[in-house]
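Both of the next two complexes hold chain A, though its partner changes from chain B to chain C.
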Partner chain A sequence: MPMLTPDGLAGLIFIFLAVVTLAGAFIAATALRLPRAVAGLALGFCGLAGIFYFLNSPFVALMELLIYVGAVCVAIVFAIMLADPGVEKARTARSTAIPAALSLPVGALFAWGLIILARNTMWPAPAAKLNPGDTVDIGHSLLTTYSMVFELISIVLLMAIIGALVLARKGRD
Partner chain B sequence: MELIAGLADRMEVYLALAAMLFGIGIYGVLLRRTLIGMMIAGELILAAAALNFMTFSRFLSPDPSTGRIFTLFIMGIAAAEAAIGMSIIIAVYRNYKSVETDRVADLKG
Partner chain C sequence: MNASTEVYRLIAFLVGLIAFAALNAAYLVWLERKVCGHIQRRIGPKEVGPYGLLQPIADGIKLMTKQVMLPPQVDPVLFRIAPALVLIPAVMSFVVIPFSENLVAREINVGLLMVFAFASVNVLGLLVGGWGSANKYAVISAARCVSQNVAYEIPMLITVITMVMITGTMNLNEIVMQQPDITRWYVFRFTASPLAPVAFIIFFICSLAETNRAPFDLGEAESELIAGFHTEYSGMGFGLFFMGEYANIVIGTSLATILFLGGWQSPVPFIPGGWWWFLAKVYFLIFCVMWIRWTYPRTTLWGLLNLSWKILIPISLLNLLLTGGMLKLMPLAGGAG
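Moving on, here comes the complex of A and B:
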């Protein structure tokens, strides 16, 4: 079986992960019930974590699972439980400026244009790698070159926590 | 067979995947009628951007850790955005008893 070479198997797994990612994203964008959309989002992010693994970065793949699947999706589930949006109504009677029928062509246009752009651009030849970019290098860069940004994002997160508390608390006695 | 085996080593494949994720995200943002649905689709757009950064850091960059750190920062900002967005949605729901974008339209001329 020529299929069972290691490279062939890796290619098959890659195709499977890409299909999982796109299917999860499509469910997240179109499902009528929001809990299903969140489940699709979690599925898509699991596939995307696998894609990150193929991009030589198991650390970022783990963070994708931890932050997106573990934290962001759970936060959205909490918001759905607290706000109770129910089932979305039929989309034909939408009164906003953009009719729902236009959304699919617009999204397809963006995707098509970006794919054409990615195919036709002459990318510069890959430069020689200074380092492999593994977890040790990421840690070194975070604490030397990017230490300022690292501190700033912790302040942003702190302000987000406090702001979320203030916003959600207002109007409740 | 060589096509399948070499698929994971071609940059265009990852870029096309990110473009499709971005297109699905735009489609969802325009299609959704509730604020929560719009936020879910917005997460897809952020994920597409993160995938592009990871792709370029893997294939083109001399220092691959830069793109990976940028992806980690995108995740952190997305988490902060989700927390703030959710609390705004809950505040809107408390005032309007609805999270549908058509009914939260007091400022509409």
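Moving on, here comes the complex of A and C:
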């Protein structure tokens, strides 16, 4: 049985994770009820975390879970929590035939462009020794190579916090 | 070790851990009722078996034979997956907990992070359950649970970051290895952080709040919200929420044991360390959790959030700064910091 070799099993696991991710994304995009859409999003994030783990980066996988499932999804749910849970998204009265017909070629064009880009880019050579999720290396690169990006992101977060405070103040007095 | 024995070992561990989570929940309920009974000068369960020891089994049979009701208004998919979403992350977190030096399902370098990553999914389960129930009490309870969990995750993570700065690793077994006797438990490591016991207390309070235990059980305040997010659940649906809650208590106290109380290491040199020490410390902390639950009345939501934002977060930030300064001035001899 070729399925039961380590490579075969790894392939099966990868396909399973990819299907989970895509299914989650599909639910998130098509669900009529907001709670289900968020649950689909969380499922997609879990699948993505699984793919990161599969690619031997447990640190990124766990961060994906901690931040995207544990924080982003919870924040989204919290934000729309006060909406009536039973309400379904109103079906639009517009005809969907033209957008559907247009979306296929546009999507195909986009996919084709991405594939061309992915195939022709000079990707950096994969690291010789796969990093076993070592936080020391990640810390070093965050504070040396990527320190600029790191600081910029923290400025964005600071602005978000100040913005939230300003908005909250306004309601109070 | 070749690949196939590793797979069998993992499967055996997973089955064992699920059995542990279930049995543990059953007997913690018994313990809870006994502790609560004695604290309130009652006896607690005593009819089924000696000292009521068979009570959890009777309860289990009762829960499993009950019909799982699906009220007409609920979202059938979300309503059904919510209990599993609460229990599965808790069981997953057990995978990295070292019960003794070798008794750990999978030792990974970022074990501490893994526990917190899965713990954060737990909230989503409560939210989905509360919302899927289409019950206003359940929705209010879920909203309370989230604000509480978000508020207490911050001081908890700051405290954990402080501990990681001291230990220099997120591998739970290595953290335990650094605390071979009681003087080197991190709760007493004043050379690393003068506020070490305070850090332990902050961590303990936060884990109480994260698991929605009294006095922080605003999510299921019976007098106001019936039973909170699990109002609509019957039979084993409710049973899974309960198992998840007790599994999360064990995870929280295990982490407190590992980070501050030396894990499976023996506190004294003449008794060897092992899983018995780990379980003894964990169950002692669980007893404290129950003791607190039956001693203090429920706080208000206002008081709860104020405690976190105005007291715990500033103190934990101060602790972080102090620890960073101490580590810079006098690097630890024992730890990797």
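The definition used in the following text is that the second predicted complex is superposed on the first by the 113 of 173 C-alpha atoms of A that agree within 3 Å, B and C clash if a C-alpha of one lies under 4 Å from a C-alpha of the other, contacts with A are read in each partner's own complex, and residues count from 1 in each chain.
Here, a contact is a pair of C-beta atoms (placed from the backbone, for glycine too) under 8 Å apart; a residue touches a chain by one contact, two chains touch by 3 or more.
Not measured: the values here are computed from a predicted model.
**Student:** Which partner, chain B or chain C, is in contact with more residues of chain A?
**Tutor:** So, of the two partners, B touches more residues of chain A.
**Student:** Now for A:39: first (chain B), second (chain C), both, or neither, which partner does it touch?
**Tutor:** A:39 sits against chain C, while chain B stays out of touch.
**Student:** Regarding the shared-chain residue A:59, is it in contact with chain B (first), chain C (second), both, or neither?
**Tutor:** both
**Student:** In the overlay, answer first, second, both or neither for which of chain B and chain C A:155 touches.
**Tutor:** Neither partner.
**Student:** Just to be sure I read the superposition right, which of the two partners does A:122 touch: chain B = first, chain C = second, or both, or neither?
**Tutor:** Touch status of A:122: no partner.
**Student:** Quick check on the superposed pair: does A:28 touch chain B, chain C, both, or neither? Answer first, second, both or neither.
**Tutor:** first
**Student:** Quick one: classify A:71 as touching chain B (first), chain C (second), both or neither.
**Tutor:** A:71: touches chain B and chain C.
**Student:** Counting contacts the way the document defines them, which residues of chain A are shared by the two interfaces, the one with chain B and the one with chain C?
**Tutor:** In the superposed arrangement, which is not itself an observed complex, chain A uses residues 59, 63, 71, 78, 82, 85, 132-133 for both chain B and chain C.
**Student:** Considering the complex alone, what residue numbers of chain A touch chain B?
**Tutor:** 2-3, 5, 7-8, 10-12, 14-15, 18, 21-22, 25-26, 28-30, 34, 37-38, 41, 44-45, 48, 51-52, 54-57, 59-60, 63-64, 67-68, 71-72, 75-76, 78-80, 82-85, 88-89, 91, 94-96, 98, 100, 102-104, 106-112, 114-115, 118-119, 123-124, 126-133, 137-138, 140-142, 146, 149, 153, 156-157, 160-161, 163-165, 167-168, 170-172
**Student:** Which part of chain C faces chain A closely enough to touch in the complex?
**Tutor:** Against chain A, chain C makes touches at 3, 73, 75, 77-78, 81, 108-110, 113-114, 116-121, 123-124, 127-128, 131-132, 134, 139, 142-143, 146-147, 149-150, 170.
**Student:** Chain C touches which residues of chain A in the complex?
**Tutor:** Those residues of chain A that touch chain C are 6, 33, 35-36, 39, 42, 58-59, 62-63, 65-66, 69-71, 73-74, 77-78, 81-82, 85-86, 132-135.
**Student:** Going by the contact rule set out above, which residues of chain B touch chain A in the complex?
**Tutor:** Result: residues 1, 4-8, 11-28, 30-34, 36-37, 39-41, 43-44, 47, 51, 54-55, 57-66, 68-69, 71-73, 75-84, 86-91, 93-95, 99-102 of chain B touch chain A.
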